[in-house]
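The same subunit A turns up in both complexes below, where it pairs with subunit B and then with subunit C.
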Partner chain A sequence: MKFKLPFKKKQKPIVNTSHNNKEILSPSKIDFIRSIKDATHSPADLMVKSMLPNLTLIYINNLVNDKNLNDHIITNLQNATMETPATIKQIIAIAEVNISSQLEEAITAIINGNVLIHMEGYSQVVLANVSTRESRSLTTPENESQVIGAQVGFNESLSTNISLVRRYIMSPDLCNEEIKVGTRTKTSLNILYMNGIASDQMVNTLRQRINDLDVDALLDSAVLVEMIDDNTLSPFPQMLLTERPDRFCDGLLNGKLGVIVDGSSMAIVCPQSFIEFFESREDQNLRWQVATFVRLLRFSAIFLSVFLTPIYVGALTFHYEVIPQAFLVPLSESRALVPFPPVFEALLLEFIIELLREAGARLPTKIGQTIGIVGGIVIGTAAVQAGITSNILLIIVALSALASFTTPSYIMGNVIRLIRFPIIILAGFWGFYGIMLAFCFILVHLLRQSSLGAPYMAPFYPPRFQDMRDSLIRLPLPYTAKRPSSVRATDQEKYNPEVEHPKKS
Partner chain B sequence: MKIFKFYFILLFLPGILSGCVETNILDRVGLTTLVGYDAGTEEKIATTAVIREVNPEFQSNVEVVTTENETSKGNRMKANRKLSKKIMVGQMRVILFGEELAKDDLHFYIDTHLENASISNSLYLAVVEGETAPLLQYEYKNIDDIGQHIYRLIEQNVKQEHMISSSLHEIAHDFYMEGKDSAMPIIKREDDLIELTGIALFSGGKMVSTLPVEDSFYVKLVRDSFTSGIFETIIQKEDIPPNLMTGTASDMPVAFDAIRSKRVLKLVDPTTPEFDLQLKLKARLLEVYPDVNLGDPKVVEGIENAVSKNLSREISRVIAHSQNVQSDIFGFGEKYRSSVRNSNLTKEKWHEMYKNMKVNIKVEFDILRDGVFE
Partner chain C sequence: MKNSIQLSPKDMINAYLLFFVIHGAQVGVGIHGFQRVIYQDAKHDAWISVLLAGLATHIIAFCMIKTLEIYGSNDLYGIHQDVYGKRIGNFFNIVYILYCFVAFFSVLRNYIEVIQTWIFPDLATWFLSATLILITIYAFTGGLRVIVGVSFFSIVLALWILPLLFVPLKFSSIDSLFPILETNVGSILKGAQSMTFTIIGFEILQIIYPFVKDKENVRKHVHLGLLFTTFVYLFIMFVSLTYYSEGKLTKTIWATLSLFSFISFPFMERFEFVAVCFWMLIILPNLCLYLWAACRGAKRVVKISGKKFVWIFSLLIFIGTLFVQSRTQINTINTQFGHIAFYIIFVYPIFLLFVTMLKKKYTSQKEQK
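Now for the complex of A and B:
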């Protein structure tokens, strides 16, 4: 049984919008201005500028680039005489100029930063695009920093982001489709993929899922992921959100599909398997031995993070037999003062750690760091001295929190921290049996997931030995010449795996 | 949705209700590290348990509790009445038996401990000369936790291959096997120390005889292979080649180490039965008492021959002793059972045959190098 949110199933209400709004603009100047003001509810920044002899310019002040407006439109209009809107189109030194006579089209254009040039006596208006969008400059990616590799991240502007991608992949095969989502926000998003590599079926699936959306607003790509992924109710993300253009392009070149949403600094990469969430782009930049070591470190960190505290709880509550003899005395002595059962002790400490993390994330950066350090040290030491927790648990909890932050994807790291809590509770109730139960449950859940139809646990289930060369470990480049088979790439080979060794002189 | 909720509750109720498993929180249980059994009065079992308790006030203390009851579980209940913490046996490392009890029968004890799932199968069994209670109750000057101390003592000697290994797993294996008998170390208190003094030989569940601790090397050599450890022997006068005789000394003590041995056992005649035991040993010569010239290959060969002769004589002595007391601790019977088809071997049957068994011992001793010291 698969749970789907109702809005996915709901059919779009069939409304024939095309007939109603085919209103034609008025040739009269006063009527034209009134119709525009009515349609836009006469905002304060709507500028109406009359020009002699018979021209009217209407635009929204904050959306247009003043310099372009002055230099390329107003100057040109003043210096020439025109008879028809077609001649205006000729003399304006702007690349994107259209002529339209429909009110709806004119309104959309003005909202997007066009200048409407109306000529008395004509119902057609000239739409000249001089839009400007406020956006911050490119910075290093804050959430996915890496030591070796490019230091640029996406920002909130769609066009900047696409130009970043185009800079990495200079190929006519890079396909770019624009879709508008949101009945109210009309957010533009672009689907990017490599023609000749990406599977057509997946492109169609993704396109259809986005087209089928019936939402009124789309403010961030993370929301879009939750709406279009395969299992919306799973805590595990099935599509990667990344703010690194190099990682995005790496995905595209491997046959994956990318989505960039306007106004969001995170781009979507799909299909993404579970293992790939723990791979960093940096692994490709390191030598394979080092990369393999780092990856194994990361995977063991995840296991530690999920199971270390539950094992402590289980061992101390039920299975004192498994504690090594050398460990027995220090462990029981540090526990001797603690009045709570281990499960309560562990939950308390995990709760404190999560509080510190959340407080640190919400506060301004400078204060956040102070809170993290001071809170950690003060609360940690005080808790041990007050006899609320044991020293050893403090180390274990700190270690597992630290380990959870090694996950390159912050969203996956959150899931790792979240699933620890039910496992701790189960370990407190049923000991190791509960841990195994939780492990089996998670494993079954993961096996049932898919990402855009591709298996989530690839390449381990279904087993694809060739793909395993670049999963838990990373083998040298000649051995990883194939694209992952789970993305169903049209072109399987990345390059010729035959290596020509340079001759030794 | 209603049906879904109903099944959800139905599934979780038994889960939560049956989830009330008995907890054994580490700092609220008393951990038994060692148990000693003695023959008590009137068919009762006298149990002495070494229990480690953790208290926040004083760091931790070790209690030695002696109780008498019909069963070991009854003894545990009785000991519980004397202590503030629940006694658990999951961390038990050593079980000791009093000599008198061992001579009676250990069958019951091996069974009960084997059946208890929380008891580790890698704990060591040992026999105490005399009674266990006085050994455990004695206040040793330098030993803090007597249970741990005895465990470390036995473990250290087993790892160094100075003593035969006697874990519960191995003892039970030997005990239930038709063609083999078990052997355990014997320990004894020497003033403020505890010492391994010998090997107890069992016939079935009964302790029948002992061997001095020096013979454990030979027992180990015949039982299984050797990979490390130091060994000292005294070559007797008649074995010493004449060219090595320096005149005054009558015996020649030698010490070896890093011994690698290989044992090949063959049944040559199933009727008697008769075995061929071939032992290949490789060793480093550590010490020779009278000064001999080890640079001379002839001298080395002489020593090799002398040691071979010495070893085969000692081994046949040990085997003969075990034959006398009908305790096949070497597992010759197992070889017999696996070599003879439809032998239907039982312990009694084998013990009868074991008395008349013949073993031809052949020892090949190689000195790999000499003059190398630790």
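Now for the complex of A and C:
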């Protein structure tokens, strides 16, 4: 029983578009201009420029690069004489020039930033690509910052992102397939993988899933992930969204597949196992002892974040016996004034913390920080003084909130924070039994998931001891020379681990 | 041989996972208080009974694997149908399904009782049984891979409990074990028989066998799993015998949980509260595997979809837990189930091995003619 909603299985009736498709452009200048204007609904930025003796240039002003247009097209056209569209093609000093006589093709080209050059008496037009796309400059990755390592993140331009990837992997084996998704937006996305490493079967699966999509718009890669992952109903993400080119390339070199969507600064990496969401790219840049320590710290933080508040609630509501006597005194003192049951108290505080987080995320950066600090301190202190919550719970809730932010993947961090709430409620009603119920449920749930067909709990289940060397802990590089087997890589070995040890000097 | 099971490699598991399946299926609710039952028979030589029972599991597992190897890739249900013919074979299969049902029920009911006695006296039986059954169904519907995964994690995540038993070892005296072999052999053997309820579970091997990818390694990992179980039981029995004073064990129903009760950490006391709840993870593979085994059998006997069977099965179990309420009733079920299980698990496989071997000889002779 797989809980998978079919993402719009219904086949759309094929619309008869042959009437539009085959329409040939008119040789007459006036008819040509009218047909273009009709097809694009004569936007305000559609420029029609007539040139002597018999040329017409049509383009959308905001899509073309003015400098290229002036220097390489208009100047050249003015200085030369030409008889046919074919000669125009030769004169223009632009790399991408095509000739077409079909309306549909011309419209697509003009939308993509081409200039149409029409010659009176010919139905063919010259399509010269002088497009320009507005995009912001490269900045440091905001959501996945790290101390040691590259400080560049993806931006919203597809070509910039791919060039970033190509800068890391200079190999002809880096395959790049383009697919257009969205009947209205026609968003282009690229599937990237390493030929000879990535499993062909997985590439086919991913390609199939993307091709099967029947949506009208695709604005972000996060939406795409939700459409193509294995179990849409699970709160746990099954594909990694990253804005770090180095992490993306690390995935590709490990035999994973990457997808970059135009207009989105987050790239998709899949298949991804549960444990890999808690690994940071920085772990590879640190010495292995430090990396192991940081990873263990992070995992205990996740565990604390999920279970600390529920355990507090469960222990205080049902299992007083579990609390050591020495601790019972300060605990009861701090709770003496609180009029609510622990579960309500905990839910209230968690709610406040989530409010602060959400407010901090929505507000401009500078105000957001102030709100976070002032709100945290003011509300926290006031709540304790007013006797709504106890000091100790405040510490516990703050601790678990802090711990949840150690997750390197923000999306996984969100899930960690979300699943805390049902567990707190269960703990409030049924104590440790409720917590254990939630624990077993989550365990079974995680075991049932898969990521692009690969087991989600790898390398722990199915147990692969070789892969565990780079999971909870990270062993020195020679011990991690194999690629994770869950990605079913064609080439298992990254390198030959039996290198000669450098001589001691 | 006919009606053997053909599976795609995708549905199969590696042989080394059998270690976890066998151990996970054996350890369950029996471990909470098996000491008392055996102590009643074998007194302070109870550890010898445990050892003997462990030895018996090895012998039986050997017979089971032998029987299964004759058929190559078939489970107990298929073997029954082949050996006794369709009708009588199906009768045996139904008996076995009933056995799984009772085993599931007994595990569930015992665990519910432990929870109600130790932590939540007021928590309703129907609620506990409904939640546990729902989680079991959720794991079951994920397929065999998920069930085996649950067994794996239940063992790996529960391993930390075992070293905690060194804490009571501090207060124990080795003298309680001496003199060795004071009890007569008959009583020790009787004690070993009383281990049945605690040590069964490895019969799941007869059902899971066709699902194993590399069958040549089955033997090794099954015996390793059994060895580990025997070791765990022996260790717990040893700690209990040396820790409790003479005669105290006969009055302690859940001796293992009582052992936990004074383990304390700087941040936590009364460890048994955690242990009892944590035991849910340990009984989960028990429940899943018995449900799965019953479902496999039901599919063989009658044409029924897994989903339908699970709901019928769970409903019956749920109603059953509501009717069995008192401690005496549960105790009677445990004892009776232990007796029946002894014949089904420890006697019948030897008989089955003889029958299959005879049949094999008979058919091969026939073919030669």
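Quick note on the criterion: the second predicted complex is superposed on the first by the 492 of 505 C-alpha atoms of A that agree within 3 Å, B and C clash if a C-alpha of one lies under 4 Å from a C-alpha of the other, contacts with A are read in each partner's own complex, and residues count from 1 in each chain.
By our rule, a contact is a pair of C-beta atoms (placed from the backbone, for glycine too) under 8 Å apart; a residue touches a chain by one contact, two chains touch by 3 or more.
None of the values given here were measured: they were computed from a predicted structure.
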Legend entry - Fit or clash between subunit C and subunit B when superposed on subunit A: clash
Inset, instruction - Scan A:L52 for contacts with subunit B and subunit C and give back first, second, both or neither. - result: neither
Inset, instruction - For A:A44, decide between first (touching subunit B), second (touching subunit C), both and neither. - result: neither
Inset, instruction - Look at the residues of subunit A and decide whether subunit B or subunit C touches more of them. - result: C
Inset, instruction - Check the residue A:V444 against both partner chains and state whether it touches subunit B (first), subunit C (second), both, or neither. - result: second
Inset, instruction - Go through the superposed model and pick first if A:L233 touches only subunit B, second if only subunit C, both, or neither. - result: neither
Legend entry - Which of subunit B and subunit C A:E321 touches, first, second, both or neither: both
Inset, instruction - Look at A:A336 in the shared chain and tell me whether it touches subunit B only, subunit C only, both, or neither; answer first, second, both or neither. - result: first
Inset, instruction - Name the contact category of A:M170: first (subunit B only), second (subunit C only), both, or neither. - result: neither
Inset, instruction - Check whether A:W430 is in contact with subunit B, with subunit C, with both or with neither, and answer first, second, both or neither. - result: both
Inset, instruction - Superposing the two structures on chain A, identify the stretch of subunit C from 42-50, 150-158 or 240-248 that clashes with subunit B. - result: 240-248
Legend entry - Overlap of subunit C and subunit B interfaces on subunit A (superposed complexes): 318, 321, 323, 325, 430-431
Inset, instruction - Over in the complex, which subunit B residues touch subunit A? Could you list them? - result: 19, 21, 23-27, 29, 31, 52, 54-56, 59-60, 88, 90-91, 93, 118, 120, 148, 151
Inset, instruction - Would you mind writing out the residues of subunit C in touch with subunit A in their complex? - result: 13-14, 16-17, 115, 119-120, 123, 128, 131, 135, 138-139, 141-142, 145-146, 149-150, 152-153, 156, 264, 266-270, 273-274, 277-278, 280-281, 284, 307
Inset, instruction - In the complex, go through subunit A and note every residue touching subunit B. - result: 315-318, 320-321, 323, 325, 328-329, 331-333, 335-338, 341-342, 429-431
Inset, instruction - Mind listing the subunit A positions that touch subunit C in their complex? - result: 1, 318-319, 321-325, 327, 430-433, 435-437, 439-441, 443-445, 447-448, 457, 460-463
